[in-house]
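So, here's a batch of structures to check.
Two complexes, one shared chain (chain A), two partners (chain B, chain C).
== the complex of A and B ==
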């Protein structure tokens, strides 16, 4: 099912990277559209809302900037591309190739993140110019851990969306399911408010769900806020290993179900 | 063409696009659930903000709910009309199908802005109004005819500004071709409209009043709702809305001069 080797992977990445560079203005706009966490930071500090959660203005600003970064490098949109390809019948030629089409989408995402990188850095620099006191350099090991957990967060979201994308084989339009799932992701992942600020009745169950591990957990590592690193990674790996077989199953069922458009 | 013709054409647009949307019935239902969850989510976020304080930017929780209500209505309108139509402009320009619209003996802005409709936004509009009615109850607002007229006027002006913003940004595709993400930027900035303008720092407040007039879109109608708005604020809102509508129309015709159809 997954016959992938190093050469194929590198070629895919190269092709997609040059493809993404063509769309750099678009990607820059994507990067800008991700600055909601920074607006949220403004509400938090301007109204002193953080006094109650024992988080200084400084740590909160680092948290929200980290959340911005984690979000930049874990945005997934595979379902929208896949839906369009499925509706227009572009999936058929991909299926003939001896390569699972999701590798193509995966390479697209990675290439897009590389293209996005300079823009994200630029936004961070502007942020530091406005808030010079919040500049920090995470220790190397924490930085590596943060990168790893961001990648895991990306993987979790990529797997969830790929499963939803496979539903296109049955319903044709699956992106509405993704929009539905995006709502809990938006409010519970820590993008708009750190998870520690959530009321007790939510905190009691939220750590079992995948949501806090998408933004809150990597952002806490990167910003140097307190977080349980080992249980966090455990949960991320748990969700990946749970979702991967589901994806494989829906993919194999879906391709059997697939009837090419216009045939 | 006469107005009656436009009304006739619009009713045709309505029936065709609703019919095509209802092809995907489960989608409509899922979108309904999304709208409800989205409202619950934003109220949840508000309760987090109000956990240990009784006001943000001088707005009490009950008052901030009004902003949520107005935001929900406007978001519903965006999802019903602006989003499905104006994202289509990009497609028309990329694929060169704008030619077919320009050739029709009908106003191109009318056609482009109202061709499609996504019925799933209706629920959001209803939810928003329901929330507003609940807010009237908990804020003990007395209703009279003048109040209703003022509220509807400011709300209409907000819709006008919102539409013009969407339309202006979509029009820029004539030069840049691939800017459908620009509408994403607008979308994320509009997200700020869920919160009272006073809850932001001065610099952001200025930014959101002048460059992207989000202040006018949700905060002033909410103030009118609470009976707190000054007369000059309402007048400014009406003037701003008028200017935006005129500019967006002029800009469209200006941009069309630069339209060189695809593959020609």
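== the complex of A and C ==
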């Protein structure tokens, strides 16, 4: 069921990209709707909040623009599509194909990110026009590391949501469990504030959760802020290695419970 | 003796279903304490199917036909019993098993809605590890057979139901499966589209010796495709054998259309104690037992002035309809 090869992956991506291009206006709107970090930047700089965390206005603006980029390329919605497909029996034809249906969703997400890319660049250009002092070009190695950590962030979120999605086999509304995770993701990931700004006692336990590695860690790498790169990657790989077997087990147990409702 | 490609022994399947009483009280009770009960939808079923056979599953709505197909193709797990499909345990969903089978559900689609079907065909070809050149050849051949060459490049959402169903069929057959599970494949299609689809399935079966398990509420699908039928009633197997034999078994009667010379004869014939099926002035259709045809006809010809008469089998649709509604097996 997990036997993905290069040909399958490329064809999946090509087809899903063609499909996503059909929704390009929708995707442009989603890209625009992801500008929360840029609003947060405005709040932070207008209230001089950055002074308390010893981060200059310039570095803060780069951080929030990076957070915007990381968010654009790590957003995950698999739980909602899977839930609908499972409840309406739409996954039935995919379940009896020699490829795990989650690869379809995975390809959908990657294709959507590729479609988002030009819109995200356009938003960044507008941002630089308004804030020309924020323009920076990260070194190639940092850029690659930031891309890798963003991809890992996407993988962590994709695995978390996939595990929750598999709960559809037991409870019909698994997406409500995902909503429980929305608040900690919003506050602890670095989307609203850099994790460095949190009190020490909060930081001491935040770093053992997956949340700061979703936005804060990749955004710090990309913006050139101080961050512990090796421990950060270690934690990302740790969470992926932990979540993947849980997903496989939940999937295997869940499909035994599948009743092919609605079909 | 040829071995069965599908073997089912003592197969049972139960579902846990929660129920809720109406009204606020029922809702609150349902919220705090869910009442679930186990419903056995398939009860201890046994059958075997040989390679190349086309078998029709008959039964009323909710009888369990579709559940059997879902178990056979590995979509759902059986609760009890042994089963083997092409030497595999379907629910294990091994890659070599999945490459051997296909499931087509009349009311479900796998084609990507906003893209032309050709995109889904190439995607399926990649999923089943079919080379692009070979995939092209198969798409060409199947689209010729299904007469959908012109529709390959039109977005699925713009195709008619018949064109969509044919495209679904092509997508499901691109990997040349040996076993086809068809759940109401002609659902919602017009008469021409139904006929074309049946014709295609007949040719596919003949050319590839594929085994076909079919459920349908359209009698014509069953009568023109299946020599063998399996009747299911409330989860139990009530008949497994030739369709012809079933028809004889459950309908040991014939219809005789008698055209009397005068209306007076027609009235007298009507009042002679026969089972009258239809009547129209001088024409009367009576139903009589097959074993008493000779004596009854002799009697009628002696007593009444007859202009013409025709002996007919009752329509197959009517007989199968009785199986579905009354389980008269």
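In the analysis below, the second predicted complex is superposed on the first by the 261 of 263 C-alpha atoms of A that agree within 3 Å, B and C clash if a C-alpha of one lies under 4 Å from a C-alpha of the other, contacts with A are read in each partner's own complex, and residues count from 1 in each chain.
In this text, a contact is a pair of C-beta atoms (placed from the backbone, for glycine too) under 8 Å apart; a residue touches a chain by one contact, two chains touch by 3 or more.
These numbers were taken from a predicted model, which means no experiment stands behind them.
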Who contacts more of chain A, chain B or chain C? B
Which holds for A:93: it touches chain B only (first), chain C only (second), both, or neither? second
Examine A:46 and indicate which partner it touches, taking first as chain B and second as chain C; both and neither are also allowed. first
One more residue to check, A:259. First (chain B), second (chain C), both or neither? second
I'd like to know which partner A:18 touches here: chain B for first, chain C for second, both or neither. second
Please indicate which partner A:8 is in contact with in the superposed arrangement: first for chain B, second for chain C, both, or neither. second
So, does A:76 touch the first partner chain B, the second partner chain C, both, or neither? neither
Give me the intersection of chain A's contacts with chain B and its contacts with chain C, in residue numbers. 23
Residues on chain C engaged by chain A in the complex (per definition of touch): 15, 70, 73-77, 91, 93, 95, 98-99, 101-103, 105, 107-110, 112, 114-115, 119-120, 122-129, 172
Chain C partner contacts - residues on chain A that touch it in the complex: 1, 3, 5, 7-8, 10-12, 15, 18-19, 22-23, 89-90, 92-99, 255-256, 258-260, 263
For the complex, give me every residue of chain A touching chain B. 23, 25-27, 29-30, 32-36, 39, 42-43, 46-49, 51-52, 171-173, 176-177, 179-180, 183-184, 186-187, 192-193, 197-199, 202
Touching chain A in the complex, chain B uses residues 24, 26-27, 30-31, 33-34, 37-38, 41-42, 44-45, 47-49, 51-53, 56-57, 176, 178-182, 184-185, 187-188, 191-192, 195, 199-201, 204
